[in-house]
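Letters A, B and C mark the chains as written, and numbering starts fresh at 1 in each.
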Amino acid sequence: MRSRGATTALVLLVIAAGGAIRMRFEHDLTADFRRRGLLAKPLDLDMRERIGQDKWSVALAGLRTLVASFAGLKTTEQFNNTDWPGLAESVDTTVQLSPHTQYYWDIGGWHLAYNAASSYRYDKGLSKLRGEAEGRRWIERGREFYERGIRNNPDDWQLSVRLGNLYSDSFRYPDDAKAVTAYSRAYATGRAIPQVRRLLLQARARSGEDAGTLLKELRSIFAEDPNSRVPTLLSLQYVLEAKLSPPTDYVESAVKIFGSEKRALRLLGTYFTNVGDRLPQTAVEPAVRLLERKAGIAPEDPQSYIRQREELESIARIRRYGR
Amino acid sequence: MSRPAKNRPLNPRRIGVIAGHTFTQLVRMKVFYFLAIFAVIILGSNVFNIQDIGRPDLEGMDVLRMIRSTSLGTMTLFSVVMGVVATALLLPKDVEDRTLYTILAKPVPRLDYLLGKLGGVLLLIFVSLLVMDLLMTGVLAVRTQMVLSEQAARVAEWPKAEQEALFAEIRSQGATWSIHGAVVAVFLRAAVIASTALLLSTISTSTLFTTITSFVVYFIGNFQSDAREFFLGGASGGISPLAKMAGLAVAVVFPDFQQFNVIDTVIEGQPFLASDIGALAGIALFYVVLHSFVSWLVFAGKEF
Amino acid sequence: MDLAVEIQDLVKEFRPAGRKEPLRAVDKVSIHIAPGEVYGLIGPNGSGKSTTMKALLGLVQPDSGICRIFGNDSLRVDSRQDVGFLPENPYFYKHLSGSETLRFYGKLCGLRGASLEVRVKELLALVDLAEAGNRRLGGYSKGMLQRIGLAQALIQEPRLVILDEPTAGVDPVGSRQIRDLILDLKKRGITVFLCSHLLEQVQEVCDRVGIIYRGRMVKEGPIEELLSLGDQTEIVLRDASPELVAQVRELIAKDGKAELLRAGRPKTTLERLFLQETVDRRDP
C-alpha cells in the first residue's frame, strides 16, 4: 500500500511529466494556428476593459464569436437609434473580438463613413459648418476603420474595394490617389473579381494618369475579358482616345466605339450625366450635343443629356462640400 | 483458486456497461431537455435579421453568421457545463449513495469504473452535439438556400464570375465541413474538461468544490498559453527566474484550452483542415489518457 | 479446500482530520468462515463491523493482516467474482427498474444474453419482486429495496454473500422475508457473512457468531456453544405452582453443591451475552 504522501508525489510527478511532454507540441500548434490566422492574438488589456468585466471571461472561454455577434446586433440597434458614439464603440468591439470577419469591418466602416457621417452632416441641430466638420470627422473614422480591417486581413480584396469606393465617393471628400492605392491592393490579392480591375482603371483615370498608359491597360482588359466591354469603359475608351488625339469628327469616332449613333448617344449620354462618377469628360459634351442634334433633341428638351447634366450639377453643387 | 481469473482492467465491455449506464442515468436526469432549449435558441437566432439598413449586398449573411455563432456558442456552453457538472456530480453521488460499494464489490477494476463514468458523460455530450449539429445544419441549409435565391435575384445581371464569387462567399457562411470540424473541436474540448473534472472529483469529495475548481481550471486554461509563452518565449531581460518558473508551473499543470478557440475563427468562415482536427484530437486524447491515469492513481488508493 | 473467508490479524487505522494519533478501527481481528457456513458478526455501532467487511471487499486497505475470499486476496479484483455484497441501507440507482438494476450488475460480472435474462427472472422470483421488476427503484419500499439488493448480490451466483445489516429499517414482515431468504441460501450451500443488530435474527440463522467490540474480537464460536453455559443447567417449567418452585429450591439447598442462580422467566440469552460482552464489560 502506498502512503498518501507517496501518492501525492506520484500524481504531481505524472502531471508535471505530462505537462512537459505536451508543452512543446502545444506551443508549436498554437504558433501554427496563430500564423494561419486560426487563433487570434490574445485580447489586449484595454479590450478586456471595454467589453466589461463580466463579459471578457466569457469572450475568452470559447465564446468570443458569440459575444461578437451580440455586439454586432447592438450595432444595428444603435444605428436605428442614431447613437453614433455608441455604435463606434460596438463596431470596435466586434472587430476586436472577431478580427477576421470581413463582414464586421465592412458594415462597421460603412456605418461610420456613410451613415454616421451623413447623419451629422444633415443634422439640423448643428450649424452648417459644425455639421460639415463632424461629417468629415466620421468619414475619416470610417476610412481608418477600413484601413485597420485591411491591415488585419491583407488577403481580403473586398475591404480594399470598399475603401476604394469610399475614397472615390464624390460626396465624401474624394482622394483619388488613395483610391488607386486601395483598388491596387485589392487587385494585387489576385482573388478579386474582374470588376475590380475596371474600378482601378477608373480611379486611375480620375487621378489624371497619362491617357496613353490608361488606354493600353483598357485594351488589355478588353482583350482578356470580353465581358468587360461595359458602357462606362467604352465611354472611357472614347475619352482616352480623344485625349490622345482630339477627334476631327466626334460622331464618327463615337460610332466607331459604340456601333451606332443611337447607342453612342445613350451610353455616352449616361456617362455624361453621371456627375458623381467624376470621370474625365474630354470631348464628351460636343459628341453628345452633336448626337442629340442629329437625333432631333433640343438642349432644352427634358430628355436632353445636356440639360440633365446641368440640373444634376446644380444639385451636386449644393450637396457636395469638399473637392 | 477456483475460477479462472478474467478480470483484467481495461475490459472494453465492462467499461461499455458502465458508460452505457451512466448515459442512461444522465438521460433519465432529463439532460436532453437541453436539446429542446437549443432548438429554441437556434430558431431564435433566425430572427436576428438586420432589417433594411441599406446594404442589400449583405442581406441575409448576418443571419447565417448569427446561426453559426449562436449554435456553436450554445454547444460550447452545453458541452463545457455538462462535462464539468455531470462528471463532478456522478462520482460523489455514487459514493454518497453507496452505490459505489455495490459496483466495486463486483469484479470491476477501479480504472474501468472511472473510464466508464467518463465514457458515459462523453457519450452523452457526443450524442447531444450530434443532434445539435444536425439541427444547425438543417437550419443553415434552409437559410443559405433562402439567402442564395434572394441574392441571385439581386445579382441576376452580374457577370457569371462575380455571381459565383458572391455565392461561394454565401455558401462559406452556411453548413460547411469546417463547421462540422468546429463541432468536433467543441467535443474534444469537452472531453478535456470532463477528464479534468474527473481528476478533480477523485481528489475532492464535494461536488461543489469539483465544479468550481473545474471552471476555474477552464478559465485559467484559456490563459495558460500566455504563461507557456512567458516561459518559452526567449530569455528576454527583465523576467526573473522566479516568474519564469511560475509560468512553467502554470503551463505544466493547467490544460491549454485556448488552442481549441480555433472554433471561433472557423465560425467566421476560415477553413479548418482535417489535419488540424487530427492534431487537436491527438492533444485531447493525450489529456484524457493522462487525466484518467492520474485519476486512477488517486482513486486506486481511495477508501470508502 | 479454501476457506470462504479468511481474515487474519486484520488491523485498520483511520486518521481523522485534526487528530494526531490514529484511530484503530479494527485491531487484530481474525475470522475464518468455512464454505457453507452462516456467520454472524455482531457488535455495537462503531465497533469495526463495517470496516472489517469493507476490508474483506477491498473497499479499504488493511494496515496489516490479510483478507482472503476463497483463497483470493481481497485487494485483487478477482476475489470479487465469488462474492455478493449488500451494503447497509443500499441506495441503488433510482432511475433504473428492478430488472434493469439486476441486468446492470449482471453485466458488470460478465453475464450476458439469454443466460443473464434467465438469471434476472429467477432472482426476481426468488426475492418476490417479479411483478415489481419493471418499476423504477424510486418507487420501491425499504423492504423491496433490501430484497432487490439481495438479488443484486446474488446475480453472478457467488459462493459467498456478505450482508451488512440486511434488515435495518425493514418492518417485521420484510425482515422475516429476508431471514427466510438467508435460510434458503444456507440450504443451497452458499456461505453467508452477515452483521446485524437484530440479535434474535442472528441467533436464528447463524451457525457461528463473533462479537466485536472496540475493534477487537471478544468472543467467537458456534452459537450453540456460546449460548450454553457449561456449568449451568436450565430447567424451564410450565404451569409450575409457587409450592413446586419452593420445593425445588429446597431440594437444591439440600444438595449443598449446586447453587440456584435465578428463577424466573427466561430472557433472550444472546442479548444478555451481547450486553455482557460489550457495553457491560469491565475491562475495555
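In the analysis below, a residue touches a chain if its C-beta (ideal position, glycine included) is under 8 Å from a C-beta of that chain, and two chains touch if they have at least 3 such contacts.
None of the values given here were measured: they were computed from a predicted structure.
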{"item": "By mean Cα position, the chain sitting nearest the middle", "value": "B"}
{"item": "Most distant chain from subunit B, judged by the mean position of its C-alpha atoms", "value": "C"}
{"item": "Inter-centroid spacing, subunit C versus subunit B (mean Cα positions, whole Å)", "value": "48"}
{"item": "Between subunit B and subunit A, distance of the C-alpha-averaged centres to the nearest whole Å", "value": "38"}
{"item": "Intercentroid distance (Cα basis), subunit C paired with subunit A, Å", "value": "86"}
{"item": "In subunit A, residues with contacts to at least two other chains", "value": "1"}
{"item": "For subunit C, residues that touch 2 or more chains besides their own", "value": "61"}
{"item": "Numbers and ranges of subunit B residues touching at least 2 other chains", "value": "301"}
{"item": "Residues on subunit A engaged by subunit B in the complex (per definition of touch)", "value": "1-2, 4, 7, 10-11, 14-16, 18-23, 25-27, 29-30, 33, 37-40, 42, 57, 60-66, 68-69, 72-73, 76, 79, 98, 100-101, 103, 106-107, 110, 115, 193-195, 227"}
{"item": "Interfacial residue positions of subunit B with respect to subunit A in the complex", "value": "48, 50-51, 53-55, 58, 61-62, 65-66, 68-70, 72-73, 76-77, 80, 159, 161-162, 165, 186, 189, 218-219, 222-223, 225-226, 228-229, 232, 251-253, 256-270, 272, 276, 279-280, 283, 286-287, 290, 293-294, 297-298, 301"}
{"item": "Footprint of subunit B on subunit C - complex, ascending", "value": "2, 54, 57-61, 70-72, 76-78, 80-93, 95-96, 104-105, 107-110, 149, 152-153, 156, 159, 162"}
{"item": "Residue ranges of subunit B touching subunit C (in the complex, touch as defined)", "value": "1-3, 5-7, 9, 13-14, 17-18, 21, 24-25, 28-29, 97-99, 101-109, 301, 303-304"}
